[in-house]
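The chains carry the letters A, B, C and D, assigned in the order they are written, with residues numbered from 1 in each.
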Amino acid sequence: MSEYPPITEQLDDSESAREAGRRKMDWAAQHMPILESVREEFVANQPFAGERIAMAMHVEAKTAILVETLAEGGAEVAVTGCNPLSTHDDVSAALDAHESITSYAKRGVDDEEYYAAIEAVIAHEPTITVDDGMDLVAAIHEDYPELIDGIIGGAEETTTGVHRLRAMDADGALDYPVFAVNDTPMKRLFDNVHGTGESSLASIAMTTNLSWAGKNVVVAGYGYCGKGVAKKAAGQNANVIVTEVEPRRALEAHMEGYDVMPMAEAAEVGDVFLTTTGNRDVIVEEDFEKMDDGVLLANAGHFDIEIDLDALDDLAVDRYEARDGVEAYEMEDGRRLNVIAEGRLVNLAAPISLGHPVEVMDQSFGVQAACVRELVENGDAYAAGVHDVPDELDREIAEIKLEAEGVDFDSLTDTQRDYMDSWDHGT
Amino acid sequence: MSEYPPITEQLDDSESAREAGRRKMDWAAQHMPILESVREEFVANQPFAGERIAMAMHVEAKTAILVETLAEGGAEVAVTGCNPLSTHDDVSAALDAHESITSYAKRGVDDEEYYAAIEAVIAHEPTITVDDGMDLVAAIHEDYPELIDGIIGGAEETTTGVHRLRAMDADGALDYPVFAVNDTPMKRLFDNVHGTGESSLASIAMTTNLSWAGKNVVVAGYGYCGKGVAKKAAGQNANVIVTEVEPRRALEAHMEGYDVMPMAEAAEVGDVFLTTTGNRDVIVEEDFEKMDDGVLLANAGHFDIEIDLDALDDLAVDRYEARDGVEAYEMEDGRRLNVIAEGRLVNLAAPISLGHPVEVMDQSFGVQAACVRELVENGDAYAAGVHDVPDELDREIAEIKLEAEGVDFDSLTDTQRDYMDSWDHGT
Amino acid sequence: MSEYPPITEQLDDSESAREAGRRKMDWAAQHMPILESVREEFVANQPFAGERIAMAMHVEAKTAILVETLAEGGAEVAVTGCNPLSTHDDVSAALDAHESITSYAKRGVDDEEYYAAIEAVIAHEPTITVDDGMDLVAAIHEDYPELIDGIIGGAEETTTGVHRLRAMDADGALDYPVFAVNDTPMKRLFDNVHGTGESSLASIAMTTNLSWAGKNVVVAGYGYCGKGVAKKAAGQNANVIVTEVEPRRALEAHMEGYDVMPMAEAAEVGDVFLTTTGNRDVIVEEDFEKMDDGVLLANAGHFDIEIDLDALDDLAVDRYEARDGVEAYEMEDGRRLNVIAEGRLVNLAAPISLGHPVEVMDQSFGVQAACVRELVENGDAYAAGVHDVPDELDREIAEIKLEAEGVDFDSLTDTQRDYMDSWDHGT
Amino acid sequence: MSEYPPITEQLDDSESAREAGRRKMDWAAQHMPILESVREEFVANQPFAGERIAMAMHVEAKTAILVETLAEGGAEVAVTGCNPLSTHDDVSAALDAHESITSYAKRGVDDEEYYAAIEAVIAHEPTITVDDGMDLVAAIHEDYPELIDGIIGGAEETTTGVHRLRAMDADGALDYPVFAVNDTPMKRLFDNVHGTGESSLASIAMTTNLSWAGKNVVVAGYGYCGKGVAKKAAGQNANVIVTEVEPRRALEAHMEGYDVMPMAEAAEVGDVFLTTTGNRDVIVEEDFEKMDDGVLLANAGHFDIEIDLDALDDLAVDRYEARDGVEAYEMEDGRRLNVIAEGRLVNLAAPISLGHPVEVMDQSFGVQAACVRELVENGDAYAAGVHDVPDELDREIAEIKLEAEGVDFDSLTDTQRDYMDSWDHGT
């Protein structure tokens, strides 16, 4: 067992932290009807009795409800953060207080501590892994291959993580089954579009006290996250500019009524730049050189590599905190380029940020919970590699959500079902 | 060879029809930069020399440019309509005047003539079929199986057609390869969303002289067509209500901010009903009984089976033309339910209707043209069955379009491409 | 009495015209609940017994319901067109068949006939005038000042007309009271914004078969009409560009998220140009020189003076009908600039156009009818000059409309009314 | 002189507060180009030399720039808060450090201190008053009428304040001229619509961590603030419901596509309730009784009287802090109604709130500054009573803003100006 201590042992006053964390969790639980419904089922059936679940997630109130839901389904859970700045220590403490949960997540840890916490989680010898950025999968495959035999499978939350898992799978290097939770309709359409969109913009607005109306907002990438950011920014009366590398997406943005142009041109006219590509070096030196005084630079992708801050630092003659969560890089000609939350994913790392909205995470975590149950119930059916979430699971979560919202909808009649199955109908 | 005569032989003054048709085609060509670019390539390379292409399409100006583009690529083309009300006789005549094209399409034909025209097209012994509703594929498989050996493959334009082809394929009953043009990103995102959406609403507005602002517009089905109709109706300040049978789509509509409810409830509050499901009996007797006086009923799906007009007719005590293209069904209690274009697809069959906008069809037909070229060049590579359009073809058409629109976009740098391919990057 | 004959005497088959016109009017009446309610009141009370009402309006189905409503209130009505291209002869004939109505309106009259018809209307020696562009007020003041003593007052429908009346009033040259119907909330907010916006765009779409998605649509003028056009175009996924001369309006458009620029710049990037300013020479020679091949030019202002067609004609080397209602002006370098409906107001003069939507005109005409009643009941209270519509009349019409739509709303409680009247409440 | 001490004397460490406040002000100044431009003019011309300006405003970074701008124009300024919860003590301290400014504003004062601070400001014997809720005008008229002779005039920022001033004026009880800054186009269109809309929603989102997508958001009142909230909420994919008492506004909301209904009905379906009416008792006991568990209640009007919290408290069996800034009122049946920021104006009083966005306040304060200059330059021209802001001042600020944003726009040509002035143009 690793030497790295759980959060409770790291805090001065873990009891009051625990209470504050519990209050946050109570609020979240009040607005997570899917997990509430799933939890009732898990408590009754104890599907995870005997399992050990390792989790590396953004440890805040909403995720905590997922962690707790799995624990109450009978699992022993060990959890740590997946980003050094996104942990809420109080929530981490509240989780750690649960008899079946050990939490190692702590905000502001350095690189060494970050990986020590991951190792501490892995030391629980998990039978299931739940990742948000594939840190656990990567660490287990690289450093603890002996554990792989005991692992039924895993689930991965993010676009970026799934992308990397697929590359790993293509190389034949992924040795247990992992569900690509990110790729489900429920995740992409709601979490990415509504969650990332709303929370990124609200974080930026509340961190800067600036308005969207009439601003040129440059959205880099027009995947699901980019679409969400663009749509919500337009909905606040911004003038949206999209940059893309895939021609169909570029055309889609153009046909939506947005301006589409290369970043090198967008840099000259943008007021706010928001990256959502999952790729690196999306905004680079030549772009910084063209930007106006006072622009905002922020990232909504998983890693802090989309804005080339090293290049920006090289260009800067001065660098100072312009506002809590905003670092101004001053250029030789006096222009100030303001970087929000150090280019880390802004809806989690900005000082005024809460991650995704509660309801949106409820949907995403509902799918996670169903995937973990699927691994336990039918894990043998899945070979090593990346797997799409079975459509019935995703659909089940949608139905739970609609019921919770009081939204009624139609069902196919027998006649309609027959019609859909037939191909012999004439004009 | 069939006895059914080409359009030229059926018109009194085919010459003036031809001129009128040519003028319509010239306008369309002016706004179809993709086909213009493709045509230049085809004229130069003659990829279809020796091929016979059978087509069953809505014969109007835009489709005519596709027909001509294929003919100018070296093919002998025989064409007929895919809907008795959607043909423009003048355009049909203009096509028939081309030395490599025979057109049998005529507006207002009865059932017997309709199928005679299809047989006339098949009598040309096609090597390739291009369908908009799988009439040709169905007729060949049922009545002319002996032709199948000589057929390289086909392309199908519609959601409905592809759905039926897939069912046929699942039954092992599809004996040559067919490209599901409908399922490409280029088709779904632009044709279905923007084309169906804009043109259906404009047709209804100009057929009725009514406004969208403040109207309760019930959109049945939230697939790509339904999304387009809903989005464009909301963009005209309608209050959109969505009915759906698939829970994820129902939830998606709910999260977009629309009201979602069963048709049985929507019937009580709707002012306009627009079906886009591709299924039958979407609005039925119990719904008609609840509707307000003066409601509008229209269909944007391929077949005229979504609104149960037989049931409506049974309920009605009177039935009369309230306005060109609008039939009023008067109920016993005096309520008038107004059916537009006999429940046929409204953006083609209404008296004021022009089918999809030119630019949108340009994209869709660009993919069609590329698919036909692919069949000739690589037909051997495709087994009997439904095939997705190869992604490169779709992407190629998007690039041609963006270039024509003067929209520049980014490319991946080598560093970015490497990053996307790697999975070993840390936090 | 003038020699100019009523429409019935000018048509070959006035009877069938009358029937067709009546059918159009029946459809309109079905969707005009405000006039239906007002008409019931007028029929019962005969407020206009003994009055002679002169009207110069776009004579089509909706206006006809207003004309008939006034006639059924007891007035003798004489009516003519206010634009040589906007009359529907069949509706004019149906009106003329009414025993209390004489209609001189005819489509396609030349200048001489146009003014002869106005004189014929004036020859009825009106006691009230109802204008749509102040033709009657102008002609009476210039040529028949002796009639002014017998005139109780008038009502003017358009922005342009009111603008000119105010100038006339400022010069002390307006000798009887005229209600500025255009300036009421009911007219500006609904007719201008929703009516002009929706119908102009639908007319252009159905006249050209082109799409709005992704188009650069240049809206000249950001008054109520311009706002409507911009909002509805954005709602069809156009990329809207606004030109303005008033800085607050320019800023308002900018803050809405639209691009704002001078016409000289917009000319270089626009795909469609739509003028709504009420002013002249909004698009001029230097602009035409910069435009792309294939652009569309249309006008939604009252007069055909916003696009300088003389200058365009001088630049053109050829000019031909590209499509019904679209005239192509071909430049020396081959560019074709397409003018829709000769630059006349597009939602009335285009070949596929129906004027404002029925419901929107119902609101506007409800205010007209209330104004005419006010003149008869309280005409003495109004001095010569332009008058705002009394707020109670406008409010009354809104209440009638909401009741007809089944929309319930709140009333102030006594406590709230007291609070709104007090100023002594502390923090 | 009053005994109430300036903020500097009330803080333990006023120096570090001052620095923090200055940093906030520097960020604001960076995004307030209008005040920057105005300040340059004031510094050069010293228009306020010898004047004493009393201000009661929300004392935070943006307002502080206005205060400083006036001080640098030569005035002695005394300032206090206009709401016990909206002051930022650090900004207050930074202002107080300015040699020509005394600031009495302090967060969290009780009623007695609040009014003592107002008296302290009045004790400076102002020649000009600048109000945000007419506290100064009211206090001076009630308790210090002897000062009125020395007062040139005032300016009032809010809807509520202007409403009360007009009532006072109608009673003949307003004894010096006050500019109704709230009623200018610049204020209503930008501050109310964009400022209130964006900041209220962002505050609620960041205080609750909840999403807007798919929520039923009930907006009480459809004036400028209500329109802004409704538009921005719809832009975040909420399903907007509007309540109103004025039929034209109710109809306007209906025609925009929103649901309109009485609060008594909205209470049954709403998820979030946001009041913007400026009136009292907008949500009352019978409404609370119908609401769902978990609803949010917030206010964006000036005073905390729109939600009847006394009635809510009477209904509640328990009441506790559910989350920072959120108080849960628990009903007998277990339902929890969550009140945000004690029903005070949410974009200023919520724990995560920053008031209006910087750029929006820049416009509003630009008008304020121009009004104060107008009082000094032409105060004699204004009689006692409420005055509209002269149109040229408002227009001047719009021009300064457009120039700062780099937005160019058109000017009328001589021909156009002549045309607008003429009324003799024919059809």
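Here is the rule we use: contacts are C-beta pairs under 8 Å (C-beta built on N, C-alpha and C of every residue); 3 or more make two chains touch, one makes a residue touch a chain.
Composition by chain, UniProt nomenclature: A, B, C, D = Adenosylhomocysteinase.
Remember, it's a predicted structure, so these values are computed and weren't measured experimentally.
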Starting at chain B (Adenosylhomocysteinase), fewest touch steps before arriving at chain D (Adenosylhomocysteinase): 1
Pair exhibiting more inter-chain C-beta contacts, A-C or C-D: C-D
Taking each chain's C-alpha mean as its centre, the one farthest from chain D (Adenosylhomocysteinase): B
Intercentroid distance (Cα basis), chain D (Adenosylhomocysteinase) paired with chain A (Adenosylhomocysteinase), Å: 37
Centroid distance [mean C-alpha coordinates] between chain C (Adenosylhomocysteinase) and chain A (Adenosylhomocysteinase), Å: 53
Chain C (Adenosylhomocysteinase) and chain D (Adenosylhomocysteinase): spacing of chain centres that average the CA atoms, whole Å: 39
Contacts with 2+ other chains: residues of chain C (Adenosylhomocysteinase): 190, 194, 213-214, 234, 237, 254-255, 405
Residue ranges of chain A (Adenosylhomocysteinase) in contact with chain B (Adenosylhomocysteinase) within the complex: 82-84, 114, 133-135, 138, 163-165, 167-168, 171, 173, 185-186, 189-190, 194, 243-248, 250-252, 254-255, 260-263, 265, 279-281, 303, 305, 394-395, 398-399, 401-402, 405, 407-413, 415-416, 419-425, 427
Residues of chain A (Adenosylhomocysteinase) that touch chain D (Adenosylhomocysteinase) when the two form their complex: 23-24, 26-28, 30-31, 61-62, 190, 194-195, 198-199, 201-203, 205-206, 208-214, 231-232, 234-237, 294, 322-323, 326, 336, 352, 354-355, 357-360, 405
Interfacial residue positions of chain B (Adenosylhomocysteinase) with respect to chain D (Adenosylhomocysteinase) in the complex: 213-214, 234, 237-240, 254-259
